[in-house]
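To keep things simple, chains are lettered A, B, C and D as they appear, and every chain counts its residues starting from 1.
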Amino acid sequence: LGLAACGSSGSGDSSTDAASGGGDSGDLITVGFSQVGAESGWRAANTKSIQDTLTKDNGFDLKFSDAQQKQENQIQAIRSYIAQGVDYIAFSPVVESGWDAVLEEAKQANIPVILTDRAVDSEDTSLYKTFIGSDFVEEGKRIGEWVSDNLGTEPINVVELQGTTGSAPAIDRKQGFEDATKGNPNVKIIASQTGNFTRAEGKTVMEGFLQAYPDIDVVYAHNDDMGLGAIEAIEAAGKVPGKDIKIVSIDGVKDGMTALSEGKINYIVECNPLLGPDLADIIKTLQSGGTVEPRIVTHDDAFDQAAATAALPTRQY
Amino acid sequence: MTTSPTAIPPDQPDQPGEPDRPDARDREPVVAMTGITVTFPGVKALDGVDLRLFPGEVHALMGENGAGKSTLIKALTGVYAVDAGTIVVDGTARTFAGPAQAQAAGISTVYQEVNLCDNLSVAENVMLGHEVRRAGLVDFRGTRRAAREHLRALNLDIDPASTLSSHSLAVQQLVAICRAMVVDARVLILDEPTSSLDVDEVERLFAVVRDLRGRGVAILFVSHFLEQVYAISDRMTVLRNGTLVGEYRTADLPRVELVQKMIGRSLEVLEQLEEAPKRVAAERGVQPYVQALGLGRKGSIEPFDLDVYPGEVVGLAGLLGSGRTELARLLYGADRSDVGELRVEGQPTRLRTPRAALARRIVYSSESRKTEGIIGDLTVRENIVLGLQAERGWLRRIPQRKADEVVAQYVEQLGIRPADPDAIAGNLSGGNQQKVLLARWLATQPRLLLLDEPTRGIDVGAKAEIQRLVAELAEQGMAVVFISAELEEVLRLSHRIAVMRDRRKIGELVNGDDVTTDDVVDLIASGGQDA
Amino acid sequence: MNLGAIARHRLFWPLVALVLLLVASALKSPAFLEVTVRDGHLFGGPVDILRRSSVLLLVALGMTLVIATRGIDLSVGAVMAIAGAVALSQIAASPDPGALSTVLLAMATALAVALAVGVFNGFLVAVVGIQPIVATLIFMTAGRGIAMLITGGQITTVTSAPYKTIASGYWLGLPVAALIAAFVFGVTALLTRRTALGVLIESVGINPSASRLAGVRARTIIWTVYVICAAFACIAGFIKSSDIMAADSNNAGLFIELDAILAVVIGGTSLAGGKFSLTGTLVGSLVITTLTLSITILGIPVNAVSLFKALVVIAVCLLQSPVVQHRMRSRRRRVAPVPVEVPA
Amino acid sequence: MLGTVVVLAVMLAVGGSRYENFLTGRVMANVLINNSFLVVLAVGMTFVILTGGIDLSVGAVVALSGCISAWMFTHGWSAGITIPVCVLVGTLVGLVVGVMVHVFEIQPFIATLAAMFLARGLCYLVAPESIPITDPTIVKLSQTRWGTDDGLVITPSGVIALAVVAIAFVVLHYTRFGRTVYAIGGSEQSARLMGLPVARTKVLVYVISGTCAGLGGLLFAIFSRSGYSLTGVGMELDAIAAVVIGGTLLTGGSGFVLGSVLGVAVLGLIQTIITFQGTLSSWWTKIVIGALLLVFVVLQRLLVLRRR
């Protein structure tokens, strides 16, 4: 089903051709993309980047679907893409495991699959071409290292605002942080609770922490939104976020970066959502018969307050 | 004979040894309840009551509304737990955990309120739990066939496959009775089975009951119709206010004495009952309060004309399912008419909702008080003022004082018991619920009162009271439409009688002293040709 | 009143649960129950609980009325999201986000939108006759989509002092959010108990067909409760978005309908409709809010949070159940429950 | 149920005319394959709703059953033991719920909500992270396809789902138990006074729903070959929606299990249409799902009113 389309499409750098070629859909590469959902600002930016890059002008016919955070919807969408006979399938898996069956179907239909943002745990790596995205453990590690180096010079009490219980970023970011701070006896995680990656729950949990533990030094939030919620809680309790209680988080969304430049957050490790251009490149490469690395780690910056102030004017998301 | 109204007369229950029916003496009672006491929060519904049922006997359980008849039945069948007392069935003491166990022990019951599942077919309602099965699976054809046979026994020629809800309450009552007959019960309990049946149905039922009696079944029968009780029962137990008055052989107890034992008062009430309420001739020539011109509704009632004048009681006579209820519902806007015109005081009016009728001072008291009348979880007070309140709208709440006044007036006037405005209406006895419903409508001071079986399940005293009330209200200028399965009652009260058959109004009779039930029955039989 | 009578009260066990949770929290963190005055405001755990329970209480109050008519409203969370999205995107777009007039106008717009949703829900249930759970499921899904459409899927953040006051401000030393909830509670209590609305709602809930025949405008009443419910959810949405000064369309009020229903039921109102208790709902809301707060304070491990919640809820429900209540009375008696009639 | 059929046909016609490859065997087969677990859940839910109850725990039970099976497989248990266990987990939860509802008279909504929290809580304990399932039986089950080459295929899960539907149909319509279910839904009090085994039936109904949820969990485990604690969030609402769309009244006493299957088909088709459209943003997806649901229930309602 998918083969005919593959054979007939143009080669190499076809973006300009396709743009001038206009509506002839035969020249367009059909890509089915199944997004996790729209659960956060980060995800919205990610979606936008993909939708803005895989346009008709750039030679793509994007079939987009939102799985509403349900794996069954995502499997259903991928099956539907296979039935529709798309050229490529890309998706951000809701969960790591459970993709073998449907990916095998794609493989049988000769449709190449690209994973974005989150990995799958299939042992058979031939099921997908590549996985492009950040390394969550690494993100946690970088935060941990920064905390250990910059704040861990004296004994500090850290509270952790975890992401959604059981989700891969939550597990990995916790893991990375713990790995990095294990060696430093000064860093002590005194409490850890889930804030579900949301601002409101971040605030709620932080309020609880502030009631329960009078001596919090550092907040480690698994994403910016929970960090921003924590800022509200800390301010409401009459303390100064960024000074009385330091905050570190992951993501680097605009609100987070603004708070960082205002000194309310102390350190952010970026988790780049702009995967659209990379995805387009990978597809173009594959289309022209090239090969790609099985794991492409996106470039993630890390920002302290000065860097944030500098970067803020040019931030896209 | 003089007894104080409160004290229970020291009647001696007849000696069980005394032969009443030829073979009763050597039989042990199949059910013997002794010293039964049941209390609900705040109410002692039964206090040390005894009851014995003998095989091959019809035993009537008598008492006013709220005397505890239904409670006693429910205590026997395990619906309520008893606080004290013993229940002996077949010589062994039993406590049933529920109707299922009682049924298994051969006690089959028709409870007072129709308790069937109206989402299911007639056949299933009759046969549920006893379906004909083949290879473990329900055989619907066989089940329907069996059901049809059971229905035939009661002369009920309805399609067993039709859903129960499509039938009138009276039919449902017959179906419930049918259901009780399906099991080969040794004890059959009928709690007011005849309350909405007409003469023919009652006769039919009695034929079946006699037949069962002949086969040695013990039957417990509850009714407020004294004629019926005397026609069928061999023995009776009288309750008053939750206490036992005594057990008697029917033959030994004249009606007058029975009533006296039931209500603990002198003969007055009975006399009232006998005496026809005065019918005051309507002042003809006045505009009718309500005038239906070719009013009808497809599939439910053919177009009919009907005038109801102020001060007039119009009775509706007809057999089961003849469409009396439907007619009343059209006049109330409970169902919407699709042809014809309705005039209220000469003004063409479309009644789209009951609320619109209410605004024109037309009210309707439904025959099925359980599903369309009483708001079970609300108090007596709230139920009584509901009609008034609905009329005033939600914003202007009826002041507490006014509500209390109104409620007190009707509780007193209708003898609602317990006389506690804060009692939960759903816990009242059936008859008292009916009174509450009536109170609700009287409180709105309507101009036209549509009464659908208002005396259903009401005790003799209260019935007389209600009849008097209706006559009195008409005298004061209220227009009344009166529906009752009891033809005598219709005849006694109405100035005019509209006769219905097959969902059609077939004629009208002007009532007079010379009109008898036979005239009405003839009219129905003739289908209105000579009307 | 003797002890037995107190123990038999419907709200006895919920209150016990509330006290136990508070005591446990206070044991873990002794400062928890202290109320201090700081900058003229009251501070401390109890105040915090009051402030925090306002959102749930508002939603649950509306839900109580809906449930009393035998209905259910699953769309409350979506309405909260819409309220926040409309209000905040309007404030964010205005040239002067800090002006009181801007904020009031934005809130009025949001309220209008929320009322429209309520009207829509009520229409589906009361007029078209769709079962409440499905009728409101429509807006539970679509409403959140609309909220995200308004904010473009982003979290809209604003800085506006008057708006911030709603959730974080204090008046007369008390949190404004709690005062708003208390005010709405008072108004609802007046509306239902000083007028006939309450009893009419109950009558419609207990027996709709009998109520209609009694002349009660059943349809209008059912319609009204959905509108009221949406309005209350809208106010809750204001508090929620003001709390974080951001409209998080995807997460605002997510799953709050379940908590609200739980609060209503713990408060003793039956889902089968009929009699309702606003005080009960208040207690229910406090229990659930305290439960959530105590999870953090007691340091329940992340993986056990759900389990902890389940066990508390089950314990309260079991103790409150008619059967256990009966058992605990010295005089035992078995009365067949009076089931609520459900006409098919 | 006629309304459901008509609207379903309309949806297919519209979809077929709008999208290429829509009316193909493969797409239609996918609707069943992708929703086999939902079919089983909806069947169980139908029993509960017919008695006038509701079961909110099924989504979480699906997750629990999946997590337990994944956990057991990783700890070396064989499929012969694991599969029954993960179905019985559902049965057990159903039994607990049934006892809470019947013996303790806790309202079904609350009892099952508590069971939902409980099951979800147990999930986190059993499997904090998602666990892949590599057991050969499961892999085999998930890979087997019977059918034609053009995609009109059926999977073992699909067969199980259809078998469950058939059994449920017979049980509901042709056994005393099934008729008692309807009777209880019509009027529980009447059913009790009629001497029907109300207690047993009510408990059993939740046991059935729980068992179906356990089986649904197994099917989901086969479908996704993994166990994950966040599986099936909101799935109970899908199941309830399917049942109600299929024409069953939430007040109980009226409805058909086949209707529920059609309800699942409607939900599956809505999802399919959305992927075929392929241009809907996340929020428009939600709005369109809501709108289609609206169109659907209103149409169905109108059809019912017409027939009166």
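Here is the rule we go by: a contact is a pair of C-beta atoms (placed from the backbone, for glycine too) under 8 Å apart; a residue touches a chain by one contact, two chains touch by 3 or more.
Please read these numbers as outputs of a predicted model, since none were measured by experiment.
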Most distant chain from chain B by Cα centroid: A
Rounded Å distance, chain C centre to chain D centre (Cα mean): 29
Computed distance of Cα centres, chain D from chain A, in Å: 32
Whole-Å gap separating chain A and chain B, where each centre is the average of the chain's CA atoms: 72
Chain centre separation (chain B, chain C; CA means) in Å: 45
Multi-partner residues of chain C (at least 2 other chains): 148, 153, 302-303, 305, 336, 338, 341, 343-344
Per-residue multi-chain contacts in chain B, two or more chains: 79, 98, 117-119
Set of chain D residues in contact with two or more other chains: 123-124, 128, 185-187, 189, 192, 253-254, 281-283, 285-286
Chain-chain contacts as defined at top: A-C, A-D, B-C, B-D, C-D
Complex contacts: residues of chain D adjacent to chain A: 20-21, 24, 26-27, 30, 33-35, 37-38, 123-124, 127-134, 139, 142-143, 151, 220, 223-231, 233-234, 268, 271-272, 274-276, 278-283, 285-286
Touching residues (chain side chain A, partner chain C) in the complex: 37-41, 43-45, 47-48, 162, 165, 191-194, 196, 198-201, 203-205, 207-209, 211-214, 225, 228-229, 232, 236, 238, 255
Chain D-facing residues of chain B, complex: 79, 98-100, 102-104, 109, 111, 115-120, 124, 128-129, 131, 133, 136-138, 179
Complex contact set, residues of chain D against chain C: 52, 56, 100, 103-107, 109-111, 113-118, 120-125, 128, 185-189, 192, 237, 240-241, 244-245, 249-254, 281-291, 293-294, 297-298, 301, 305
Residues of chain D touching chain B in the complex: 170, 173-176, 179-180, 182-183, 185-187, 189-198, 253-254
